Every structure is written in structure tokens, then in C-alpha cells.
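Paired with subunit B in one complex and with subunit C in the other, subunit A is shared by the two complexes that follow.
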Partner chain A sequence: MGRYLLRRLGFALLLVLTVSSASLLLTHLAPGDVTTEQALLLDPAALARRRAELGLDRPLAVQYLAWLSGAVRLDFGRSLLYARPVNTLIGERALNTAVLAIAALVLATVIGLPLGVYSGSGARSLGRAAVRVASILALSVPPLIGSLALVFLAARTGWLPVGGMTSSGGVDLTWSQWLADLARHLPIPALALALPLAATLERLQSQAIARAVREPFVTASRARGLGRAEAVVRHAWPVSLRPVLGLYGVMIGSLFSGSFVVEVVTSWPGLGRLMYDALKARDLYLVAGCAASGAFFLAAGTWFADALLAVADPRVRSQEAP
Partner chain B sequence: MTRRAALFVLALAALSLAAPLMAPYDAGLGFRDFLHAPPMRPHFQGVGAPVVHPLVLADRLEQRFEADSTRNMPLPWLGRVAGQPVFLLGADNFGRDVLSRLLYGARTSVGLALFATLGAVVIGTFAGAWAGLRGGWVDDVIMRFADFVLILPVIYVVLVLRSVLPLVLPPATVFLLVAGIFVAVGWPFVAKGVRAIVAAERDREYVQAARSLGAGPGRILVHHLIPACSGHLVVQATLLLPGFILAEATLSFVGLGFPDPVASWGTMLAEAGNYNAVARFPWTLAPAVAIFAIVLATNLIASPDEDRS
Partner chain C sequence: MNRQPRALLSVLLLGIIAFTGWRWWSGQKPPADSGTEIVFSAASTRGGVLTSSLRSEPRSFNRWVDRNFPTALIAHITQGTLVRINRTTQAVEPALAESWTASPDNQTFTLTLRETSWSDGTPFTSADVLFTFKAVYDPKVNSILASSLQVKGQPLAVTAPDARTVVIRYPGPFGPGIALLDNLTIAPKHKLEAALDAGTFAQAWGVATPVNELVSLGPFVLSRYEPGQRLVFDRNPRYWKKDASGAALPSLDQLILEVVPDQNAELVRLQSGQIDMLQQQVRPEDIATLRPLAEQGKIQLLELGVGTDPDLFFFNLRPQQWAKDPRGSWMARKEFRQAISHAVDRETFANTVFLGAGVPIWGPITPGNQMWFSPNVPRYAHSIDKAKELLAGLGLANRDADEWLEDEKGTEARFTLLTYRGNSSLERGSAVLREELRPLGIAVDVVALEQGALTERMVKGDFEAISFFFSSSNLDPAMNPDFWLSSGSAHIWNIGQATPATEWEKQIDDLMQKMMSGTDQAERKQVFDQVQKIFAENLPVIYFVAPRMYMGVSSRVGSMSPTILRPQLLWAADTLTVRSPGDAGQGGR
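This part shows the complex of A and B:
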């Protein structure tokens, strides 16, 4: 178990390093740099001074090594665009993305799993057919389409505020007011992100529980006098969780891709938007920092999902131990 | 499922090729007096072809139109009235016909996705087959690389690759570049399965028989092993296609795809991204409905028949 975790940790570090270095180098190779937009305003001498100030006139290898030596100490340098430490910027934005992603994950779980248990654990009925149809429809609403549709609904009906994380006037709100404001802005992006995930979870849970209720031990528990619902929830459901938990590891990636789109459509100030802005401005260090934190979350998410699987299912633990 | 999937892909290809032929107007043609004109409803009168009532600007300030129910006009395919365009799906912010743009956009968006899918399938097949057949370090290198691409969130890779390339380019170049980027992120999905199938099949009797008859590795690959993968290839193509359509929509939505005058579903949706506009002019969401329909069709094809399990 220990060696397995260590190998996973090494892989995660490699992933973070490769992804951030690759995006730094790619951005460096791109035409133009962060001063390109100022080139029209400044005379050549001032432009050269500005580039020297930012350290952009040094050879690529020197810039990269300077960045790398900071990065291994978890100092990702200063953003050329915002003139603030990359770490601070990412800290703020990563928190916002985490709020969105966790809300979506919780929403997907709360909607998807119970409906899946319901739709998979009994004979055909109108209710089960309805869940299945709704699930296939929700599965076909990718975050881009979902967020556009929800934004349209919200703007049309005025039920919920559209855009941003808080209302723009909310500068001197108390803590509880701020939280209430956030709670009104969160549902649209979170739901847009959660819908296809909830449907995926529902479908998988439904199939898994349908297999599990046919197991002899469920029949045995029924024979001992357990009610139908109790037999399903207490005996069949835990067994059916293994493939469902396995899905969470896969979902982290789609959560990331989806959150970029949702952040752009609903103006959610998250990591995805920051990375996009940094890419457009050729802000080398911010791009690399965003990529590093994204890769970190990706690795952490998959690691967490694996650990969850190992906790839930002893078979995995014994397999992985070399 | 394989048959249905193949039919679906072919139908989409036919649609994207034929779409511009069915468009009533040119995609770039703007009617300046009809900015954001609402959709015109066809009316059925007796046995003849349906007719529409022409729109009259009721309030220029609010950009509000009213249908003049005293006059009738034929559908755009059957006849034209000068100065009176027919918008069956409304008009956009430049007074361009949304239906025509949707159809021309299908050529761009679905065409791009098909092109990229074909590329990803071809490259994925050869990379996977080569890895499976050769084994050893070739296998290791190709598959490690494929695994690495697979764990990255696709849209970020596309975003980084696209944004490090020059931003302002002619549409044909954008088409090829974006297709190339999609192939680069799409081929591992194909290669992984192909490699597994080839590695399992290469020692089967029929392959040994072919080898003992003197067939070289190229012939075995093309005539024996790749046909064994055909089911997997069709399934992967069906899954990649809607993904690529969405990726194009996302790229163009954030301004990294096609430039505006080009009709693509992404550039059309970029307009619908404006909160105020979309609430008043919901018909600008038409491409979203088209994408939803394609993804839904894919899901219906790809979902296994659970009842028989």
C-alpha cells in the first residue's frame, strides 16, 4: 500500500511539473509577449526597458531555470499582467473554482445516486421510466448548452441573478449577507455543471443496483423478513457502490473541462477564466501557475477518488498491495 | 449498435454537405431593417403550401416587430418578395437569417468535427496497431504518451494549443489548425482500444495462418487486424464526433475559433452568450438546440439496451 501511494505521488509531481513546464514553454514560443499590446504606445527604447524589467529579454533557458528554481519551492513568480504574485492570484481563483466544483459534485451526487437506486431497483413503472428519460435528456446537455439555457431562463424570468459570483454592489456586505448573495449566484453554474454528471451517476447506479438486487444475499435478507426498501438500501446498495465510486475518478477531468465553459458563460471568477485571460495576454508565469494548480487538483482528485474506492472496497486494497 | 452508429455518422456527413444547398439565404447576407427580427410562423391555409405573414417594424426604439396578417408571402424556397425576407428561425444582430446560418454553420461545425474524427481515427488506428503489433519499447512509448494525453482535461489542452498559435488567420487555415489540434487530443481514445484488440488478436490462429502463408506485417495489419477493430472504431467515432462539435463551439464561443463573419455554431452561440440579448432574442440559441439534438442522438445510439442484460 505504501509503495503504491508513493508511486502515485511521484506520478502526480511529474504530472504537475510536465504540464506547467509545457504550458510555459508553449506560451513562450507563441508569437508576441505580454508587452505586445504596449508596443504601439511606447517608443522602442522604453519597450526594451520594460521587457528588461520583466526579464523577458533573457534567453529562454535562463528564464525557464529561474522559474523552475522558484517553482520547486512553490513560488511561481509574479504575474506579468496583474503585477501580483501568481500564488495569491491562483489562491483566490482556485477557491472560487473549488466552490463551484464541489457544489456541482454534491448536487450531482444528491440527485444522481438516489434516483439511480430508485430507477434500478424495481419492476418497470411510470416513475422509473420518467427517471430514465429525464436522465438521458440531462446526459445530452453538456455544460456549454446547459449554462446557456439556464442563463437564458434566469434572465427571462428574473428568478436568479445572472453572471458573476456576487452582485457587483456587494462591497461592504456582512459575512452572512455575502454568503446569502453567493447562494443566489451559485445554483445556475453549479446546476449546469452538475446535470450531465448527475445523469451519468444515475445511469451507472441504476445498472449497478439492478445487478446487486439479483444477488442471493439480497433474497436471503428478504427471506429473513426485511422490507423491500431496507433490503435494497442496506444490503444491495453498498455492493453496487464500487463501479459508481470508480466513476468519480473519471468525473474529475470532466468537472475541470466543464467548469472552464461554465465559468466563461456565467462570468464566474474561477481558475479557468484566469488561465484563459493569462493565455490571451501571454502572461507566461500565470499560465504556468494555472496549469500547475490545475494539474495538482487533477492529480489530487484522482488520488482522492482512488483512496475512496480503496476504503469502500477491500478487494482494491489487496490488489494494489504489491 | 455499430450499424446504427455508422448510419448516424453518414447521415450527419450528408447533412453537413447538403445543408448550404437548403439554406434560403447566404450566411453573410444581413438585412439591415430586420435586426433581431423574430421567427415568422408558417400558416397553413387550405391545401396549398404554408404561407407566412411579413414583418413590419412596430417600434424602432424597442426593435419590436409585428406580423402583418393581412398579407401573405410564400416560404423562401418557393418564391421571394423583394425587400421582404422570410426568417423562419428569426434574425441575428446583423439581420442575418438564423436558419441559413444554422445550415451553413452545420457545414463548418459538423464538417470540422467529421474531418477531425476521421483524422483521429486514422492516426489512432495506426498508432495503436503499430504499438500492439510491435510491442516492446514502441508500445511503451506510444501508450505512455497516449495515457498522458488522456488524463489531461481535453478542453484545456485545446485551449493552450490554439492560443499559442497566431490568433487572426483566414477561415480555411483556422479550419485546418483546429482540426489538427482536435486530432492531436482525439487519437489516444482510438489508439488505446485498437492496441488492446491488436495485442489480443495478433497471436490468434487466423493471423498465424496469414503469416505462415507469407503475409508481411503491413498486409496482416490492413487485411486482418484493422478489420477486427471496426466495431471499436465506429463506436469511438460516434463518441468523438459530438465532443469535437462541442469543442469547436466552445473555442469559437470564447473567441479562439472561427472569426465572426464565418457561420459556425460556436460563433453563433457567442452572440447568445450576452445575457440581455439572449433573454429578448431566444432564437439565437438555435445552435444550442442543434448540438443538444446531436448529443442526444449519440447517447441514444451508444446507450446499451439495459433491459436485456
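This part shows the complex of A and C:
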């Protein structure tokens, strides 16, 4: 188990380094740099001084090696855009994104898995067909449209705030009031993220459980006198989780690295927006830092999904045992 | 076998549920927040909180080095200048300088400073003014204000005989006179001197600076910054200005800028009453959405007039661009540009791009800039025949079976047009241009780039044609010399020329120098009319339509002085008022 964990940790570090390096180099290759937007305001000499100040006049290899020497110590440099340490900026936003990601993950799981088990484990019925159609609809709607529809719904009904993470008076609130305020702001972005994921989970779970209920050991458990529902939950469901949990790794990675569309539409101050702003302004180090954070969460998500799978599926445990 | 009918039935069922839900929802009373009629007393009130949107976050609070709109807006709200150009009347008004005198040659101005203090209680003195000039002109600072505070390429000479007097000597005559100082946000010496001495002024007042370190001379002080969410400004109790009744300004207790990056979400927030005003003008496609709300009295749709910064279209006129290109013999000729101007139906352009809310224009100064607009410039009436005649004169004709023109060597009349991805009017305008030039036999390949890449290509001269926008912060052309002068950094068709590349650019340079140094307003206007005429004849930049601009504001906002220039309402944030339903003693929301 120790060797397994070490192997995964090594893989995660390699992934983080590769992805952030590639992001930095690709951003460098794109036309322009962080000073470009001042090009129509500053004379060429002033612009050159500004580039030199930021170290952008150095050869790419020198810039990269300087950055890399910091990155291996988990210091991703200073943002050229905000003149602040990249780690601080990411830390601020990662927390916001994590709140949203956890809410979306819980929602997607609570909605998607039970519906998947329901739609895949029984005979065809109107209810199951309705679940299937709803899932396909949720999967077909692009995130931008889904987010806007939810924002519109919130505005039309007045039930929930249209956007943002907290109300403007948030600073004067007590801790519990602040949490309640956050909880009021969370449903719209969380639902916008969760609905397509729930639909994906439902579809995957439905197909997996449909296969699992046909396994001989499930039939055997029924023959031993177990009820249908109990046989499904106790025997078919754990086995069917293998492909579903595999998806969690990717889901966790993508959710925790921030969704640009949902964060922009619902004004959620998360990592997705930060990375978009960094990309637009060609802030090399911030882009690399955001990419590193995304890669880290992807690796962590995959590891978490593997661990969950080992807990859920006895066959995986037995494979790992030797 | 029965799978398909069941699936169909479930789709039908879902449809019925959705339709019923929609009907029910449509029949519901709108939410309390936006539905109940708002009734206010006519009188303006003091106090209250006004919330505006802000589309992007500030990257710095340092107005002297950061050019982005949020930073400039925050400076408008929190800082002060010596004099102010009234955005609605264009008159120069006293601000931190309560009065001034000009020398007979109009080159030396003696300003008497107002007796006031920074928000932390430190007195405002001439030392702050001297310090600000020193910082702006320091090459290590790379201030974005430096070039706009020069006359004939030279900095202004500033002295301070005493704590309340500043003498500013211009290196030569300058038409706008003291209005130039409207650009200069005064910096607090007691807070920033150490940074200037240490060579770190450019990094000072970053967004991580604690808000209590930021001091103000303006109507508000930044009291809270929540990254990614909002900026909260409280009334500056030491602000110097009073209203007509002698009451201290600002009228508002608090001003909040909510960061709303998405324009659709911004509109929804205005509709639902969660913000009081949009950061900038309403998009043409959103006017129809807001008009019913305006008719119901829930919002105000303010018509600001014709925009003064129209979208522009220009070719690369750097000689080196076309030196080895076979298209150079006709692409860089003014007749080619005139043909394009003739080929575009500006009415169609206005209807398609601005949904009818636009007026045709033939030059960079639009009717929105009443002081400087000249109606007597060459106009290019829509005429395909005239356009074809001009192109034939350049040797362009359809010499094969396709629909495009070719020159004598068989080179097709085709160019690549770069535009700014995500800007709806530019993207639509480029598509209209492509379609309008097709009947003429000119092929246009439109490529949308994001802003950084587009600017990079523009500055490096790596383009054939560009459709873009260019914001100016001032209506007097003398304050935008970088656009007009051939040596300017914003002379976008051929940036930063050592000597004028063409005879007509030399003529414009000479006339602009005359116009900038003239002190007689009528004479300046006359000279600038000539500039506009030469510009419209040679068309280095082609203009089609200037949009009519509208602002969406909640009905509860009052005492506004809307203007065409950004920030359209918050430039006079000190006088804005909000009326709460309680003030009227009736109604509510």
C-alpha cells in the first residue's frame, strides 16, 4: 500500500510540473505579453523598461529555469498582473472554488446515483423513461445556457440571490449568519455545475447497474432469499460502482480547478475566473500556477476515486493485496 | 417492443409538465423585489447605498501606473484632480485648486489650492502636487499619465511658492490650457514618498494593500475590497465639496461596486433590482429587454446621445507591409479605401450591427462631440457603381470566372480582417463588412482574436486590416495627440513614425500642432475642421456608424449628470442620490 501511495504521489508531482510547465511555455508562445495592453499608451522606451522590470526581456529558457527553480519548492512566483505571490492568489480563490465544488459534488452524487440505480435496476417504466429523458436534456444543455437559465430563474422568482458568493453586508455578519448567507448564494452555481454531472452519473450508474444485476452472484443472492431491492443495494451496487467511481477522479479534478463559465455567469470568485483573467492578460506565472492547481486536484481526485473504489469493490482490494 | 411508445409518452409528459410549469410561472406575480410599484417622493434624499456593477476587477489601486478601467474608475471615486472638466458641459471647473490665474501668454498658471485634507486628516498642500508631478515624470515609474502631461514633448515645470500656491509653466502654448490638469490624479506624498524614493512606486498601492493605507481626496474612501466580489466605498467625511444648499457631499453613505463579469448576468441583476446601475452603456440587443421595465417605471433608460468612440476599420499603411506584397500597388491607395467607404451601406450597417440605434459617420469625430464635430467632411454615399469605378481605376477587374476582382497580375482582391473576439458590435460589423464588399468583388477573411493578441499584432504592424475600437477619455482632440500625430503611439495605421510617411500626414501634423498651440477657440475649431477634411479624404481609418448610447439605471437613483464618456454616471459620484421607499412614506418594493 505504501509503495502504491508513493507511486501515485510521484505521478501527481510529475503531472503538476508537466502541466504547469506546458501552460507557461504555451502562454509564452501566444502573441503578446502582459505589457501589450499598454503598448498604445507608453512610448517604446517606457514599454521596454516595463518589460525589463518584469523580467520579460530575458530569454525564455532563463525565465523558465528561474520559475522552475521556485516551482520545485512549490513557489510559483509572482503574478505579473496583480504583483502578488501566485500562491496567495490561488489560495484565496481555491477556497471559494472548493466550497462550490464540494456542494456541486454532493448534489450531483445525491441526485445522480440514486436515480441511476433506480433507472438501471428495474423493468422499463414511465418513471425510468422520464429520468432518462431528463438526464439527456441536462447533458445536452451547454453550461452557459444552463447557468443563465438558473440565474434568470433566480431573478424571476426572487427566491435566491442572482450571483456572487456573499451579500455586500457580509462583513458585519456573525459567523452563523455568514454561513447562512453563503448557503443562500450557493444553490444557483452549485446546481449549474451539478446538473450535467448528475446526469452523467445517472447514465453511467444506470448502465453499470443494469449489467451488475445480471451477474450470477446477484442471481444467487436472490436465490438465497434476498429481496430484489436488497440484492441490488448489497450486491449489485458495489460492483457497479467501478466505472462510476472512475469518473469521480475526473469530476473532482475539473470541479476543484474551477469552472470558468459558471463562475463568470454567477459571479463566483473562484479559480476558473482567475485563470481566465490570467490567460487574457498573458500572466505567465499565474497561468502556470492555476494549471498546477488544476493538475494537483485532478491527481488528488483520481487518487481519491481509486481509494473509494478499493473500499467499495472487494475485487479491487484483492488485486492490490499481493 | 413497447419501449418506443413509453419513451414518447414520457417525453410528452415532461413537455406537459414543463409547459404547465411555465404557464403557472408566467401567471405568478413577479417577486417582491422587482414587482411592486416603486413610488418615491420627488425630493432628493441624503444617505443610502448605491450599487453599481463592475465588469472586471482592479489589478491595482495605483492610478498613476495602471491603465485599466476599474483602476481609473476607483480614482474617479476616491481621488481628486486640481481642476475638473465637467463631462456634461465640457467646462473647466475648480477642484482641488479653488482658483487660478493665467499669464498673458497663457503658458503659466498660478493655482491657489483648496484648504482641505486627505481622508486620514493629513493636510493637502502644494507638496502633494509637486510630489505627484515628480512621480509621474520619473522614468522608473513608467507612469501612464506621463505622455498626457507633456506639451510639445516636454514636461511641465512646476514650482510651489507656498503651501497653498502652485505655479505651473507650460513649455509652449497649449490650446486646452489648464484643462490638461484634469488628467492628473493627485498622489499623497505622505503615503507614497517612501515608495518613490525606493524605486517601488509602480508596485505601491497594489490590490493587496490594506484599505486603511489608501487615503482619499475624493468623495469616497475604499473601506472594503473582497477580491472577485465587490469594492465598498464609504463617504469621505473630509471631502471638500458641498451642494448648492451648503450640505456636505457626497450624498450617499456608501457606494458598492459589485464585480459581475458577465454582461447577461449584469442585465439580469439590474432587472431584478440587485444592482442600481450598469457599469457602461446598454448593448443594442438589450434595449428591447429594458424598455418595458422603463415604461413601468422600474428603471430609467437614459439616452446619452451619439457615442464619441465609434468602432473603426483601418488598413496597415506601413510602407514595409506592402513593399513585397503584390497587392501593395492598390491596397495602400486611398482610392481603395474610398471604394470600400462607398460600398458599405451605412443604414444597413446601423440596422444590423446596432439594431437601428446608430447614425452614419464619415470621420472619427461624431455628432456626439458637438464642440469639435464638422459636418463638412467628404461623405461617401452608398454606391456600388462609384466603388467599382474607383477600383477599376486601380486596375482591379474580374478577370476569371469567380466572383472576385483581380489586378493585372492576377492577384485576387482579398484581405484578412482581424477583429476583437467577444465584442458583439465589432464581430457583427466585420461580418457586415464582409457581406457588403462581396458584391463589389472584394473578399474579406475575418479572423477574431482576443484583445491581447490583436493589440500585439497592431503594435507590431503584423496585420492587413483591423476592425477595433479606441476609447478616448477626452473630447478635445488636442488631448489625444497620439492618435493624430504621425509620431504618436496610437497612430494605429502606422505607429510612431520618425517623419511623416505621407504628405497628408505631414499636413495633419502641422495643422494639429497649430491647433494644439492655439488659444483662440474659434480658430482652433477652424484648423481642426481642416484636419477632419484631410482625414476624410485620405481615410486612414474608415468609420461607418456611431451608436446611440443608453444607460440602464434603477428608478431610485437621482441627481445624475449622464455623459457620453466613461464612466457615464460615476464621474460625478459625489452628487448621486438614491431614494428609498421609506422616504416617500408610501409604496415600497
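Here, the second predicted complex is superposed on the first by the 262 of 322 C-alpha atoms of A that agree within 3 Å, B and C clash if a C-alpha of one lies under 4 Å from a C-alpha of the other, contacts with A are read in each partner's own complex, and residues count from 1 in each chain.
One rule holds in what follows: a contact is a pair of C-beta atoms (placed from the backbone, for glycine too) under 8 Å apart; a residue touches a chain by one contact, two chains touch by 3 or more.
The model shown is predicted, which means the values in this text are computed figures rather than measured ones.
> For the three-chain model obtained by superposing on subunit A, do subunit B and subunit C clash or fit?
Taken together on subunit A, subunit C would clash with subunit B, as the superposition shows.
> Who wins on subunit A residues touched, subunit B or subunit C?
C
> Who does A:Val133 touch here: subunit B (first), subunit C (second), both, or neither?
second
> Quick check for you: in the superposed arrangement, does A:Leu298 touch first (subunit B), second (subunit C), both or neither?
The answer is first: A:Leu298 touches subunit B but not subunit C.
> Tell me the contact category for A:Val141 with respect to subunit B and subunit C: first, second, both or neither.
In the superposed model, A:Val141 contacts subunit B only, not subunit C.
> Taking the superposition on A as described, I'd like to know which of subunit B and subunit C A:Val19 touches: first, second, both or neither.
After superposing on A, A:Val19 lies in contact with subunit B but is clear of subunit C.
> Is A:Lys280 contacted by the first partner subunit B, the second partner subunit C, both or neither?
In the superposition, A:Lys280 contacts both subunit B and subunit C.
> According to the stated criteria, A:Leu29 is in contact with first (subunit B), second (subunit C), both, or neither; which is it?
First partner only.
> With both complexes superposed on chain A, which partner does A:Tyr4 reach: first (subunit B), second (subunit C), both or neither?
After superposition on chain A, A:Tyr4 lies in contact with neither partner.
> So in the superposed three-chain picture, is A:Trp178 touching just subunit B, just subunit C, both, or none of them (first/second/both/neither)?
After superposing on A, A:Trp178 lies clear of both subunit B and subunit C.
> Just subunit B (first), just subunit C (second), both, or neither: which does A:Pro44 touch?
A:Pro44: touches subunit C, not subunit B.
> Would you mind checking which of 44-52, 224-232, 242-250 or 422-430 on subunit C runs into subunit B after superposing?
422-430
> Residue by residue on subunit A, keep only those touching subunit B in one complex and subunit C in the other, then list them.
Subunit A residues touching both partners: 30-31, 137, 148, 151-152, 155-156, 162-163, 264-265, 280.
> Of all residues in subunit B, which touch subunit A in the complex?
148, 151-156, 159-161, 163-166, 246, 249-250, 253-254, 269, 272-273, 275-276, 278-279, 282, 285, 288, 291-292, 295-296, 298-300, 303, 306, 309
> So in the complex, the part of subunit C that touches subunit A is made up of which residues?
2-3, 6-7, 9-11, 13-14, 25, 28, 30-34, 49, 51, 56-57, 59-60, 67-68, 139-140, 142, 144, 146-147, 202-203, 206-208, 224, 226-230, 232, 256, 258-262, 264-265, 268-269, 271-272, 274, 450-453, 455-459, 470, 482, 489-490, 492, 496
> Within the complex, which stretch of subunit A touches subunit C?
30-33, 36-44, 46, 49-50, 53, 81-84, 88, 92-93, 96, 124-126, 129-130, 132-134, 137, 148, 151-152, 154-159, 161-166, 168, 170-171, 264-270, 273-274, 277, 280-282
> For a test of understanding, state which residues of subunit A touch subunit B in their complex under the given definition.
15, 18-19, 23, 26-27, 29-31, 136-137, 139-142, 144-145, 148-149, 151-152, 155-156, 162-163, 203, 206-207, 210-211, 253-254, 256-257, 260-261, 264-265, 275-276, 279-280, 287, 291, 294, 298, 302
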